[in-house]
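Okay, so chain A shows up in both of these, paired with chain B first and chain C after.
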Partner chain A sequence: MPDTMIGQSPIRIDGRAKVTGAARYPSDVVVPNPAWAFLVTSAIALGRITAIEEAEARAVPGVLEILTHRNMRGTVRDAGFFAAGGYAAETIRPLEDDRIWHDGQIVAMVLADSFEAAREAAFRLRVDYAAVTPAAGFGSASATTEPAAKARQGHEDPQVGDADAAFAAAPVKIEADYATPTQHHNPIELFTTTALWEGGKLVIHEPSQYVTGIRHGVATQLGLDPQQVRVESHYVGGAFGSKGSLTQRTALVAIAARRLGRPVKLVPTRDQGFTIATYRAETRQHVKLAADRDGKLQALVHEGTEVTSRPDPYKVAGTQTTARMYDCPNVRTKVTLLHADRNTPGFMRSPPEVPYMFALESAVDELAVALKLDPIELRRRNDSKKEPIKGLPWSSRGLMRCYEAGAEAFGWSRRNPEPRSMREGDWLIGWGCASTIYPTHIGAATARVTLTPDGQARVQTAAHDIGTGAYTVIAQAAAEMLGLPLEKVQVALGDSDLPPAPVAGGSNTTASVCNVVAEACGQIRARLARAAVEDGPLKGRDPASLKLVSGELRAADGTAEALPEAMSRAANGAIEAYAEYLPQGMPKESMRKLYSGKQALGGGIAEGPLAMAAFGAEFVEVRVHARTAEVRVPRVLGAFAAGRIVNPRTARSQLMGGLIWGIGSALHEETEIDHGRARYVNDNILEYLIPVNADAPKVEVMLLEETDTGVNPLGIKGLGELGNVGTNAAIANAVFHATGRRARELPIRIESLL
Partner chain B sequence: MRPFTYDRADAVPAALRAAGSGASSYLAGGTTLLDLMKLDVMRPERVVDITPLASRLGGIEAGPQGLRLGALAHMSAVADDAMVRRDYPVIAESLALAASGQLRNMATLGGNVLQRTRCNYFRDVSYAACNKRRPGSGCSALDGVTRLHAVLGTSEHCIASYPGDFAQALLALDGTVELEGPQGPRRIPFAELHRLPGDTPHLETTLAPGELITGFGVPPLPWARRSVYLKVRDRESYAFAVASAAVALDLDGGRVREARIALGGVATRPWRAREAEAVLAGQVLDEAAAQRAAEAAFRDARTHGDNDFKPELGRRTLVRALFQAQRLGA
Partner chain C sequence: MTTQPTPGVVGRRSLLGSGAVSAAAPLLAVAPAAAQPTPILKETAVLDLVLRVNGQEHRLALDPRVTLLDALREELGLTGAKKGCDQGQCGACTVLLDGRRVLSCLTLAARAAGGAVTTIEGLATEDGGLHPMQQAFLDHDAFQCGYCTPGQIMSAIGCVQEGHAGTPDEIREAMSGNLCRCAAYPNIVAAIEQAKPQMAGRRTERG
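Then we have the complex of A and B:
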């Protein structure tokens, strides 16, 4: 056994259960005698329900009940918008009245003895509407806009200096508009919910990135004590942000189970998933970038407008990141929200950075062309020690090291900078690059660690493994701190009855949870050490000098006591430690918020005292067919500096997945909207395109070493959302290099280049 | 999905008998039918499973009479057949480039040519207006998202594109369809199987109710070895064609003796581009001739906003396919 588990690459401890099917995903949970729910969703985006004809549906054998606003009004209380101190992803109360706010809103839930009967009855339910012309988004007459600073308490548009004056005065400048589309997460696992009442206690099985939040949110909606609600989500089949906040379905399934007096299972359809959960908001962005003749940035103006729903001010606001990315003395940014008749958008993997860094990193490339400067050199000349808005020093900034290592591995020096200069047969070849950044978030977290006399450790925390490898890295942290082999550590996650941990969002889990687990393990070590110095081989030593290593408590000179003996000295049985970790610099109330299921992450690049982020440089080769303009990506390479890597294997697959996601974000992913009707059209995973294997033949990940204990005691930076930032810009930049045409609107499809 | 009666037929007469009564559908690979039943778009009262007929109707035979493909042959089997790949590459490629490996292993040729449009307004019953699904209800696509809709063969009642690939290959090679029906067997040119939407877009084929496709024939055509199927799509695999072209060339030195061209992804039915073929006959195949042929093929194109780019893409696809075929050693 290696002395240090952190930094090793064990295979996932839950891998075997997953590939053998032993892992029970929430909808796999067997409950006694379930009733099945099937949703009916609205066929219009705006208006009212005028009639619901139930007779034919109720006549289907096996149908038990149909929930509509007619028998549900007043049942579900308001849980509040998650970003305004509440819990809900969208504040429309489910089945509250006859009003339709958006396409695909839940208008009825059919309950039956079988899934088939529920589905058939749902098909036979007739809902009539009085439709009003809706606003779909940009260009819709009835859409309204408001500045984010007005819509969202506490929102500040970062700015410094006088960007407009500096832009006017600068010798070299570019100005351009960029557009990014609506995107849906489409995790393979659908948005299922299973609910049952056990006595007065409600148990919910639902794939979730935030079991504590769902517990408190549902308790609020149903007027229950949070202790009466338990949310379990041990395995999650993909989430990407879509399973982070409370959606309407959960309370409905819970109420159905109470009314029927039996468990209820809901497995919505793929297309319903487009409207009953969240999505990435589309944006329109305007960027102005100016430099002196040496390429030193003088001004950045970045303005973004983002679609949200009528009731909720969801914001993307990636200007928080772009304003701080490079050393620029004059910055002005502004975010505006556009309210349309759409469901409320939400977090999707690197929510602010994916759209906004697309614009910034495209603009930087455009500026490099205007300056006739290598785009990497331009970034080098504007690298920084401090972020420019508040002057917060970077805790570490590996950006240029990533560019150097990546460029070398990619062969960047062989690139002829002239557009359309590289070609193979009918295929135009382009090479492009772009930066990635992901702020290092961290949250207050709690955990319980139990060490039993037989040398087994159990870690319990209501954190989540959404497919990222959290089970494994948390076990590694505990194994390291307790000096145990990995197989002696059990990890329990995804259960709101466990000590609370933050939402699995903002790539904070590894940092937050490993640090609290380390703290709990430290308590256990301290207790063992205090007892060991009383008597036995370690008598009289300084307890602080003793370490748990390889199954023993060991002093620096090698004197040791085996764990069983040390255990029996310290306790009669197991030793249990409960730790609370409040990251440095976070306000005390973060801990209280954690216990009440409110999302409160700290760290990042805007709060201080340090600016903390992971960085990377991404390189792509594209091929564009000279006649038919398909864009293909034969290779992509990312070099990343992301602090201490707990498990290079799982880190690599996060980053690799991110790069592939980035290919999709550049070339494939777009939820198409019928503008007249404000409805999603390609709401299935055949026509909502993501890359297939053939679209990502060669993906290389380089992990650079980085030590940064400024971010947290273990030196961990999150990286789950690092890989897929900037890839879209790198591809657009490569397409420009291949074709001489600048694609400023995503996705870049055939018709963009014909 | 709604309740239906399930029958399993192990012989052609039994299949015809079972299908004879009521609103029935044959079930082959099920990759179109079951999808559309789950979406409530197709609502057969009776489903007649014809997969047991595969032992008799699943063959791939080649000889001096040309090629005969059983209706229940799987797409993957035909795509992988060495002889089809050598002598009729356009057929093998059209199948190999379609759908995914899993689907090709399930799906049959008979079902393939009868696959329904991917028009989202057709596939989503929450849209009230769709003439194909509900005759006379209107067409939601006309003022909707039309990126994948047709530009050739449209009518004011329906602009849905025919999505399949294999049909173009059959059409280009003058294939035929063998049928069995209550009135006995018959054989028709493949070109007569699909209808234009006109004012009856719900009638997609000329099949009589209950008629069963038993197989396809392709006449002997030695120069079919110089044939290609070019599929232009939004990702490298597992996507329908944005535009495609099936091309076979009979060359006499640099000169075209005869060209066969069918277009996919751009038309309401499998589309034979005879005007383009006529332009090329007797010509030296160079850039100018190829462009003229492409112009001719799309002369009558009508677009609807999102698909404004399609005639241009269709032309380029055809030109590229022509040169690709030209480069092949026959």
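Then we have the complex of A and C:
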């Protein structure tokens, strides 16, 4: 057994369950005698329900009940918008009244003895509407705008110096508009919910990135004590942000189960998932970038407008990142919200950075062309020790190391910078690069670790493994701290009855949870050490000097006591430790927020005292067909500096997946909208294009060593959202290199290049 | 866009072919489009059938509209096969029927009666030994969330058995009906290449 588990690449400890079908996802839970729920969602985007004709639906054999606003009004209390200190992904209360706010809003839930009967009855429920012409988004007459800085839960537009004056005076400059589309997460596991009441306790099985948040949110909605609600989500079949906040369906299923006195199971359809959960908001951005003749940046202006719903000010606000990316003395940014008759958008993997870094990293490439400078060299000349807005020092910044290692491995030096200069037969070849950054978030977390006399450890925390490898990396952290082999560690996650842990968002889980687990293990070590120095081989030693290594408690000179003896000296049976970890610099109230299921992540690049982020450089080869303009991506390389890597195997998988997401973002993904009716058109995964196996290129992931204990004691930075930032720009830059055509609107389609 | 479907009118799903319609829309709604509303049957019909799954026979009394996927998951508790779309678009529900891949969400349970169904639960040997494809998926970290994985593995076995795993490109093409939103694709291809030679002479169609 190696002395250290952190940094090893064991096979996922939940892997066997996943390859044998034994892993029970929330959608798989078997409950006795369930009633089945089927949703009916609105056929218009704006207006009112004028009539609901239930007779035909109720005549379907097996139908039990139909919930509509007529029998539900006033039932579900307000749980508050998550960004305003509440729990919900949107403020519209489920089945509260006859008002329709957006396409695909839940207007009824049909309950029946079987899935088939519920579905048939849902199809037979007639809902009549008085429709009003809706605003779909950009270009809609009735859409309204407001500066994000003025919106409820406003943000501050980062700025420094006088960007407009500096831009006017600079000798080399570019100015361009960029656009990014609506995208939907489309995790493969649907947005299912199963609810049952056991005595007075409500048990909810729902794929979730935040079981503690759902517990408290549903308790608020139903007027229950949070202790009466348990949310279980041991595995999650993909989330990417879509399962982070409370959506309308959960309370409805819980209420249905209470009214029917039996478990209720809801399996929404794929298309319903487009409107009953969240999505990535589309943006329009304007960038001005100027430099002196040596390529030193003089001015950055970055303005973005983002679609949100009528009632909720959801903000993407990626200018928080782009304003700080490079050393630039004059920066002005502005974010504007555009309210339309749409469902409320939300977090989707690297929410701010995917759209906004697309614009910035495209603009940097455009500036490099204007300067006739290599784009990597341009970034080198504007690398920084501090972020420019507040002057916060970077805790570490591996960006240029990533460019160096990546460029070498990719063969960048062989690139002819001239557009259209590289060709193979009918295929124009382009090489492009871009930077990625993802702020290092961290949150207050708690965990219980139990060491039993047989040398087994059990870790319990309400964190989540959404495919990231959390089960495994948490086990590795505990194994390392307790000096145990990995197979002696069990990890329980995804249950709101466990000690609370943060939302699986902002790539914080590994950092937050490994640090609290380390703290709990440290308590156990201390207790063992205190007993060991009383008597036995370690008598009289300094307890602080003793370490748990390879199944024993060991002093620096090698003197040791085996774990079973140390255990029996310290306790009669098991030793249990409960730890609370409040990251350095975070306010005490973050811990209270955690216990009440609120979202309270800290860290990042804007708050200080340090600016903390993971960085990377991405290199892409594209091939564009000279006659058909078809774009293919044969290879992608990403070099990343993301602190201490707990498990390189799972880290690589996440970064690889992220890079392929970048291909989807650049070339495939867009939720099309019918502008007249504000309704999604391609709301299925045949027509909403996500990359398939044949789209996936050769992917190379390089993990650079980085030691940064400024971020947290274990030196961990999150990386789950690092790989899919900037990749879209690297592809657009490569397409420019191949064709001489600059695509500023995503996704890049054949028609963009004709 | 979630329309209220009109009985008798088949929407975009008809693109998928008649198999999609019969399984994805209520059976009663598939009558030819007519001005008359589709009548509601007073009682749900019940179909007695025998499903042979992973070598075991199960006698079931089912609503004829029940898909093979729902029969496996809800009647037999075999939840390895996943529901990712219920309309033939994702491949998460892939199982083998007589050794060939089928999308169990597009296959009525009645259609599978008499055949031999193999699901992910039927791959490992009784003493827990993994099928080479399962082991290869573990070795190559060919999944993240794991939700598409049972379908990927069943499809991968089918792909090898059907002789579509000759080259990495051929594998990529043959596996493109199985979506992986986590995008584990390169690792899936590597896993299939590892398992392929170990599968020689082995055929999975226990029913």
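Definition applied: the second predicted complex is superposed on the first by the 752 of 754 C-alpha atoms of A that agree within 3 Å, B and C clash if a C-alpha of one lies under 4 Å from a C-alpha of the other, contacts with A are read in each partner's own complex, and residues count from 1 in each chain.
Just so we're on the same page, a contact is a pair of C-beta atoms (placed from the backbone, for glycine too) under 8 Å apart; a residue touches a chain by one contact, two chains touch by 3 or more.
Please read these numbers as outputs of a predicted model, since none were measured by experiment.
> Looking at A:383, would you say it contacts chain B, chain C, both, or neither? Reply first, second, both or neither.
neither
> Based on the superposed arrangement, let me know which partner A:120 touches: chain B (first), chain C (second), both, or neither?
both
> Under the stated touch criterion, which partner chain does A:667 make contact with: chain B (first), chain C (second), both, or neither?
Touch partner of A:667: chain B, not chain C.
> One more residue to check, A:750. First (chain B), second (chain C), both or neither?
first
> Would you sort A:628 into first (chain B), second (chain C), both or neither based on which partner it touches?
Once the two structures are laid over each other on A, A:628 reaches chain B alone.
> Looking at A:681, would you say it contacts chain B, chain C, both, or neither? Reply first, second, both or neither.
Both: A:681 reaches chain B and chain C.
> Could you tell me if A:408 is touching chain B, chain C, both of them or neither one (first, second, both, neither)?
Once the two structures are laid over each other on A, A:408 reaches no partner at all.
> Touching A:43 in the superposition: chain B (first), chain C (second), both, neither?
In the superposed model, A:43 contacts both chain B and chain C.
> Decide which partner touches more residues of chain A, taking chain B and chain C as the two options.
Of chain B and chain C, more residues of chain A lie in contact with C.
> Between chain B and chain C, whom does A:534 touch in the aligned arrangement: first, second, both, or neither?
In the superposition, A:534 touches no partner, neither chain B nor chain C.
> Shared contact residues on chain A for chain B and chain C?
After superposing on chain A, chain A residues 41, 43, 116, 119-120, 123, 271, 674, 681, 683, 686-687, 691-695 contact both chain B and chain C.
> In the complex of these two chains, what residues of chain A are touching chain B?
Going through chain A, the ones touching chain B are 41, 43, 116, 119-120, 123, 271, 426, 625, 627-630, 632, 667-668, 672-674, 676-677, 681-683, 686-687, 689, 691-695, 749-751, 754.
> Hey, which residues of chain C end up touching chain A in the complex?
Chain C residues touching chain A: 1-5, 7, 12, 15-16, 25-26, 28-29, 37, 40-44, 63, 65-66, 70, 73-74, 77-87, 89-90, 92, 119-121, 123-124, 130, 134-135, 137-139, 141, 143-150, 153, 171-173, 175-189.
> Could you pull out which chain B residues touch chain A in their complex?
Contact set of chain B toward chain A: 1-3, 40, 118, 120, 124-128, 143-145, 147-148, 232-239, 242-243, 309, 312-313, 316-317, 319-320.
> Please give the residue numbers of chain A that touch chain C in the complex, ascending.
11-12, 14-16, 18-25, 27-28, 30, 40-43, 56, 59-62, 103-104, 114-117, 119-120, 123-127, 185-190, 235-240, 267, 269-272, 274-275, 466-469, 649-650, 652-654, 656-658, 660-661, 664, 674, 679-681, 683-687, 690-696, 698-699
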